[in-house]
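Since the structure comes first, as structure tokens, the remarks are kept for the end.
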Amino acid sequence: MALETPSTSQPNLTHKQMIEHVISLFRDTMPFNQLLGLTFVTQGEGDDTQIALHLPWQASLTGNPMQKILHGGVTATMLDTIGGLVAIVETIKQTRTHDLADLQARLLTMGTVDMRVDYLRPGRGEAFIATASIIRKGNRLVVCRMELHNEKGDHIAFGTGTYMLG
Amino acid sequence: MALETPSTSQPNLTHKQMIEHVISLFRDTMPFNQLLGLTFVTQGEGDDTQIALHLPWQASLTGNPMQKILHGGVTATMLDTIGGLVAIVETIKQTRTHDLADLQARLLTMGTVDMRVDYLRPGRGEAFIATASIIRKGNRLVVCRMELHNEKGDHIAFGTGTYMLG
Amino acid sequence: MALETPSTSQPNLTHKQMIEHVISLFRDTMPFNQLLGLTFVTQGEGDDTQIALHLPWQASLTGNPMQKILHGGVTATMLDTIGGLVAIVETIKQTRTHDLADLQARLLTMGTVDMRVDYLRPGRGEAFIATASIIRKGNRLVVCRMELHNEKGDHIAFGTGTYMLG
Amino acid sequence: MALETPSTSQPNLTHKQMIEHVISLFRDTMPFNQLLGLTFVTQGEGDDTQIALHLPWQASLTGNPMQKILHGGVTATMLDTIGGLVAIVETIKQTRTHDLADLQARLLTMGTVDMRVDYLRPGRGEAFIATASIIRKGNRLVVCRMELHNEKGDHIAFGTGTYMLG
């Protein structure tokens, strides 16, 4: 996940505006997320925003035509994407309002440093849900744990990702 | 990467036939590899086979429309795929001919156990090449190191993957 | 963590006996665990056994004399040790009694395949506690998540380990 | 590996002096490195300095008294230590001389962010040698690959470590 946003000139963004801005960047302007058909499900707003990634099963996302099993690369993509998005959103929440413009500039060079994926069971299901939580939060470095479940709650994969913010 | 092949009844496969069979499975029957446009480039044949994955840059594989940077999920997909394929091919090379049918049965439940990806620099380029080499080879467990370069030889990412064979 | 136990001839071990046997191997016969001063704290017995590793702070385990911070290698050692031990104990719990002798033979070549450690904050404290839980359980391969806390409950480190059993 | 050095007031350090200073910190002032008996072997000096960690086999560093196999925690310690040391030394080499005082201040909060260890074969041998090379070098973040061999050149383990400098 590497994010380089166009510089914008919105000097007085609120937390809520900036979180919505980042989610729309991930949802509307990243071609590979759209190719996969990722949808972004949010609960709450502003500092209460919780985000999950949803993906309905599709034949084109499988590793094998005989089995309805998700390709491991799709799993990795979902985990990397939700980890990066949650890393940014949590950073926004903890940033003082008048520093948001500075943070926005730093997002230009935000990216994944490294990621580990643990594949727990074959990716079978009708829909897949990726979530993330933060385990280390520094000024420029954020570490997340991510999870992928199917619609029944079966645990498909774990991830751990280290992200650099500008 | 999770591979579950249909059971076939080819009792007397040679190494060369089985390697070609596995490459064709990855190339021709995995929808997500085809969605990405992965091509499989081999040099030599039989026990001398060397394999690389090639991918031309496409707008649909990027993480951001302003930049021609590969989505980190595409990088992870290429590394997982080449690691799994090389793990199988090397296992075939080291399997005695009369044990190939047994190996073929075990490939039915082959899969990635875990993978680490290190993103070294933004995925810019006209084409991307993934390669893999084996660092640990057991009867059922294989560990690979993978690399992704662009067409200029810039090193985009490293990977380490642990694979289980049946 | 690599365990190679002497072959013993105890044909009819119960789960409880075998779990106690494995804990005593880790506690009493592994010189490096003793050099560090690791203690093994169990709750319950037999299939209800829960295990944690405890370590009091000692100057000799620090990375720097000015600070009372645990060396990262001590953290890694504790996480690897508790992960391997819990992997074995959980495998014993799920093994049918008459297969325990077979499992015991396989423990001879048990070992860590790979491990990731995430260092969350400096290892400060008067005592450190390592715990583990299983996230993937196969016949020969077990994946654990491990955690290290100090006596106040501060979360020092996360680990993920992949273990092979014979 | 977490390094917090005492603040010193040496305003005009050369590269050579600062590299020697850091090596002496690791060698002479870190109790756990001394407990293990790690020795630091350097070739060249100043910007040509190459560093390796050496460790003679000792019974107290093993995981099992029946076998002369290194405890996995010792392997992890050696890899983390050489990775952190090489990350610092390479950063010094690339720092302009008049910025060395600033770098020295940042070393106060240097630490390992995450590390992966791949155990390739049992740690048998009379002596062990750890080396590291840098695969990603940013202003504050360095990623290293580390290797552990025995005195015969057998490859015991690989590591990948992400380090934060201040």
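Order of writing sets the labels: A, B, C and D. Residues in every chain begin at 1.
By definition in this document, a residue touches a chain if its C-beta (ideal position, glycine included) is under 8 Å from a C-beta of that chain, and two chains touch if they have at least 3 such contacts.
Every value quoted in this text rests on a predicted model; they were computed, and no experiment measured them.
The interface at C-D recurs elsewhere; of A-B, A-D or B-D, the pair that shares more than half of its residue-numbered contact pairs is A-B.
Set side by side, the interfaces B-C and A-C show unequal numbers of C-beta pairs in contact, with more at A-C.
One finds 33 Å separating the Cα centroids of chain A and chain C. Note: centroid distance chain A to chain B, computed from Cα atoms, is 25 Å. For chain D, the set of residues that touch two or more other chains comprises 113-114, 116, 118, 136, 143, 160, 162. Taken in their complex, chain D has these residues touching chain C: 1-6, 29-33, 35-36, 59-67, 69-74, 76-78, 80-81, 84, 111-119, 122-123. Against chain A, the residues of chain D that register as touching in their complex are 113-114, 116, 136, 138, 140-141, 143, 160, 162, 164.
Chain A makes touch with chain C in their complex at residues 116, 118, 120-121, 135-136, 143, 145, 155, 158, 160, 162.
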